[in-house]
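Consider the two complexes below, in which subunit A is the common component and subunit B and subunit C are the respective partners.
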Partner chain A sequence: MALKPYIVNTGIITAIGNNTQQCKDALLSGKNNIGKPTHLKTHWESEIPVAEIKLSNKALADMAGVNEEWPRTALLSAVAVKEAWLPYAEIATGLRTGFFSANTVGGMDLTEGVYREFKETGTVSNISSVINHECGAITELVAKHFKIEDFVTTISTACSSSANSIMMAAQMIEAGMLDIAIAGGADSLSKFTLNGFNTLMILDRQSCQPFDNNRRGLNLGEGAGYVVLMNDKAMAQCNATAICTVSGYANANDAYHQTASSPDGIGNKLAMTQAISKAGIQPSDISYINLHGTGTANNDSSEGKAIEGVFSGNVPMASSTKSFTGHTLGASGGVEAVFSAIAIRDGVVFPNMRWETQMEDVNWKPVTELQTGIAIDHVLSNSFGFGGNCSSLVFSKS
Partner chain B sequence: MDIYIKGTGIISAAGDNSEGTFLHEPPTYDTDKLLSKEPNYTAYIQPMQLRRMSKAVRMGIGASRMAMQQAGVEKPDAMSLGTAMGCLQDTEHFLAKMVTQEEQMLTPTSFIQSTHNTVGGQIALLAGCYGHNLTYVHRGHSFEHAMINAQLYLNDHPTHNILVGGIDELTDSSLQVMKATGVYRKANSTEQILNTNEPGSLAGEGATFFVVDKNPSEGSLHIKGIGISTPEDTAAAAAQLDKFMQQQGLSNTDIDLVMSGWNGNSSGKEFYDNINERFSASSIAGFKHLSGEYATASAFGLGMTMEIVKHGAVPAHMLLNGKQPKALKNILLINSYGHYLSIWHITA
Partner chain C sequence: MPAYILDHIRIKNGNVTKNGVAVTDKIFTAPEDLYRDQGCNYVKFFKMDILCKWAWLATEILLSDNGAFTYGEMDKTKIALVLATTDGCIEVDKKYEESIASIPSPALFVYTLPNIMLGEICIRHGFKGEQASLINNTFDSNELYFWVNDILENRGMEACLFGYVNAANNEQDISLYWATKNRTGLMLSPESIQQCYNK
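Moving on to the complex of A and B:
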């Protein structure tokens, strides 16, 4: 019998809050923070709104108690890991603890700042700007700081990255390879990603409207989100209580296009169906879907149709919280796992903001008003991305 | 662990293993980098598609096709890849344009191909593989984590196969930066690389793929265990080796062949000297003079292990202690990239 991975705590930072409570308050009050960046310096700052965290690298470093010369993604990761892990750091002695992180941008925010100097002079005056360029370096910095060493890994599968880190963490707990896993991911804004997505012409010039017929694209965001998974033994030792379990997970590939989803969402459907089946439940048991819901024409149409297919005319409540946080890329699976856990714990469904018009090619609509006081037994969380990578997670009341 | 290797595809600075003559002749060079000798890809990739692919992508697709061909698999059920650096060439291409053109008039192609999961995405796309697909980017353990993930996947899907690979490409800029940070050294010749006591190692690149499953068969290699750790010094690394040998129930004299990740870097000399001493009764073979050093070179070491077993002998130019193995039953692959250590127990 496989051991159950329980979620016992969360840590998060996004444009709508610096910790779980602040993010939850913003989700309940309908507050978002999408607009002109103050820390990201870009040619596009007046034209392309983003969901930026209004804290300098120095302020983030002070919050986490780490070096401000770290790449911003590592700083965000450290802030969220600190919130998630601090209650157990001293009492988890002797338990096998892993850190499963994900990101897509690595230290690009620093690399892009010194690239011109590097090309012109053949060197960089401050080597610390490039030594942490690799995605794995971000994870290593944070793992070392928090002294987590039993298993440390980094996954990078574009927008599904941190859903996959939670999947692997759950598998290793189930297999008895670890007692505790801190799993999720982080990504900061960078000029590189902003310009990249801009060339694909999928960035909204206004605040995004996921699953609206007149949606124009996505808003990039930044952040970090982690869940702490424990087995029974670790929960007993750490005196921790379960918020929910990671009951199902699946990773599939759309095998259609490097950056676009297939029209009917083949990969999306496979990921959702297999995750629900892994959880040992039926689609009708799902209380709420936290959508991938980026707000692009392509994603929402494919995801919408795939959901129609999986839930055959009986679509549960669904919303995209990217209408609050923007699309935090490699962090989004972690961020939305935190939101899913809150939904189960507090019996709430967050609204899909700014929805106005029914999509023509999809026969269901997202939840547009905050729902409270309802029993949420199972949440399905979707993360789909470039490279055809599609992952779905199921979180269940324990 | 019970993983069986069914097919191997290697693209490296020493060539590729698609023909039976791989590494019969030792390579010679005097250079500061070992770039892959790429095969004629036309057997694996259509010319129109090939033109748009960066080196990391075409090496990955080429090596994965070779492994699938050898295993007799047309479409893998799943894949699990490791790449520390990802698609550097496309990343830098987009970055350079963005900086010099001050964020204007940019085109998407190189951005699209810059993500770390591009190789996995492209393999899936070309093979029509809808299965599980993951990319690990954890520095010197990227390939090891991909293999551990393969084990987790096969536990859940015992009748499936999974493609596992390690890819990293070298660019002028990454070479320059890693020389500045002391990872890589200046020019080296074939004779020098493993025989001088200098800091740094010779830069390399490559792609090595495997088709693995849970079913033992004639000619398959059995991966019995992988021990991964990040020891900070020689004593801690030696302790990790002790621990692994004990876990695997092995004594020093059980080992027929040690595939040594010795790369000539003076900082690792003490550890690898100890290994030479500890396994003096065994055959010890080096492989980093063939691949150069890179974060997923352990995949090349594993690929060479498969080649050696297939041919029943170690090519003379790989022997570090002059001894051919008496048998090829228990093999230990020991690799280190910086402080990222991995120890593999493989049986034929």
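Moving on to the complex of A and C:
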């Protein structure tokens, strides 16, 4: 019999808050932080708004107690892991602990500086800035700092990255290979991602409007989000209480286009259906869907149609919290896992901000007002990445 | 369990041979001409970059067998794909960089990763097995063997399309292989991979 992976704690930092409580308060009060960047230096600063964390690298490093010369993605990761892991770091002795951390941008923020200097002068003054360029280096820095060494891995599958890291962590807890897993991901803003998404012409010049008929695209965000998963044995030793369980998960591929989803959301449908089935429940048991909901024409249309297909005329409450945090790419599955856990624990559904007009090709609408005091038993969280990499997670009341 | 190379295609200096036999007596240096000569019909072909065009075409000819595809009714979640390259997508990288001066082209941008050639083949054939994309300084039969052998021996795969695709500076150097666990063809080894390439 598989062991249950319980979520016992969360750690998060996004443009709307530096920890779980601050993020929750912002979600409840409808506060977002999408606007002009102050730390990201870009040609597009006046034109393309982003959901930036208004803390310097130095301030982030001080919060986490790490070296400020780390890439910003590693700093964000360390801040969120510290929040999630600190209560157990001293008492988890002897338990097998793994770190599953996703990101897509690695140390690109520092590499961009080196590249610019090299292009302009032909020399590089500080080559050590690029040693943490690749995605795995981010995870290694953070794992080493927190002395997590039983199992450490990096997953980079575009926007589904951290959903996949939570899925893999849950599988290893179920299989009895680990007692504890810290799982999620991080991504900082960079010129590389901003310019890439701008080339694809999917960045909104205003604040994004997911699932609105007149949506114009997505806002990039930055952040980190992690959940701490434990089995019964670890919970007993750490005196931890469960917020919810990771009851279902699935990953499927569209095999349709490099960056676009198939029009009918074939991969999306597969991921949702299989995750719900893995949880041993029916679509009608889902209380709330935390949508992928990027705000692009393509995503919201194919995700919307896939949901129609899976829930056949009985779509539960659904919202995209990217209307608060922007799209945090490799962190989004982790960030939204934290929001899903809060939704179950506190019986709340966060609103889909700025929704105005019903989509023409989708027959349901997202929740636009905060819902409180309702029983949330099962949350479905979607994360659909470029390359057709589609993942869904189900979180259930324990 | 050993694996065997069932079919092989070689495209070099415009010459196209399959299993050592010339596919056509003409010389093709432009993939579009070979596409028309072979009577292919796949609209998306024309928007691909040069690397994807050659990888797609070579696969099309390699796997075609009297109007059907060699893999037939095989479980496509068990068909793997391993492709190596040297120059990658440098041709489209240059074109994309030029486009940045005016409007960065999304159509070019989506091809600025060499592993997109694997994606185009998977979209065409629906392969959903294990995949790897390698960059080597030259054709490297040892490295190809290492990955293909591991995938077939240890990762639950039944067949593997693999090989080397290089297309830059108006030259092309392509060697693709279709390997299965059926006891027909050349036994898979670094030597047999190299031997096909040398033809």
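One rule holds for everything that comes next: the second predicted complex is superposed on the first by the 393 of 398 C-alpha atoms of A that agree within 3 Å, B and C clash if a C-alpha of one lies under 4 Å from a C-alpha of the other, contacts with A are read in each partner's own complex, and residues count from 1 in each chain.
Operating definition for what follows: a contact is a pair of C-beta atoms (placed from the backbone, for glycine too) under 8 Å apart; a residue touches a chain by one contact, two chains touch by 3 or more.
Predicted, not measured: the structure shown is a model, and the values here were computed from it.
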| item | value |
| --- | --- |
| Combined model on subunit A: subunit C and subunit B, fit or clash | clash |
| Touching partner for A:Thr111 - first (subunit B), second (subunit C), both, neither | first |
| Per-residue contact with subunit A, leading partner among subunit C and subunit B | B |
| Which of subunit B and subunit C A:Gly136 touches, first, second, both or neither | first |
| First, second, both or neither for A:Ser277, with subunit B first and subunit C second | neither |
| First, second, both or neither for A:Gln237, with subunit B first and subunit C second | neither |
| Partner chain in contact with A:Lys119 - subunit B first, subunit C second, else both or neither | first |
| Partner chain(s) touched by A:Asn67 [first = subunit B, second = subunit C, both, neither] | neither |
| When the two complexes are fitted on chain A, the stretch of subunit B hitting subunit C, from 135-143, 171-179, 207-215 or 225-233 | 207-215 |
| Residues on subunit A lying within both footprints (that of subunit B and that of subunit C) | 195-196, 198-200, 253, 255-259, 387 |
| Contacting residues of subunit B [partner subunit A, same complex] | 84-86, 94-96, 98-100, 102-104, 106-108, 111-118, 120-122, 124-125, 127-139, 141-142, 145, 149, 152, 155-156, 173, 176-177, 180-181, 230 |
| Residue numbers on subunit A that touch subunit C, as the complex places them | 195-196, 198-201, 253, 255-259, 387 |
| Contact footprint of subunit B on subunit A as seen in their complex | 42-44, 104, 108, 111-112, 115-116, 118-119, 122-124, 127, 130-131, 133-137, 139-140, 149, 152-158, 164, 168, 171-172, 175, 191-192, 195-196, 198-200, 250-259, 266-267, 270, 385-389 |
| Interface residues, subunit C side, partner subunit A - complex | 104-106, 109-111, 116, 119, 122-123, 126, 128 |
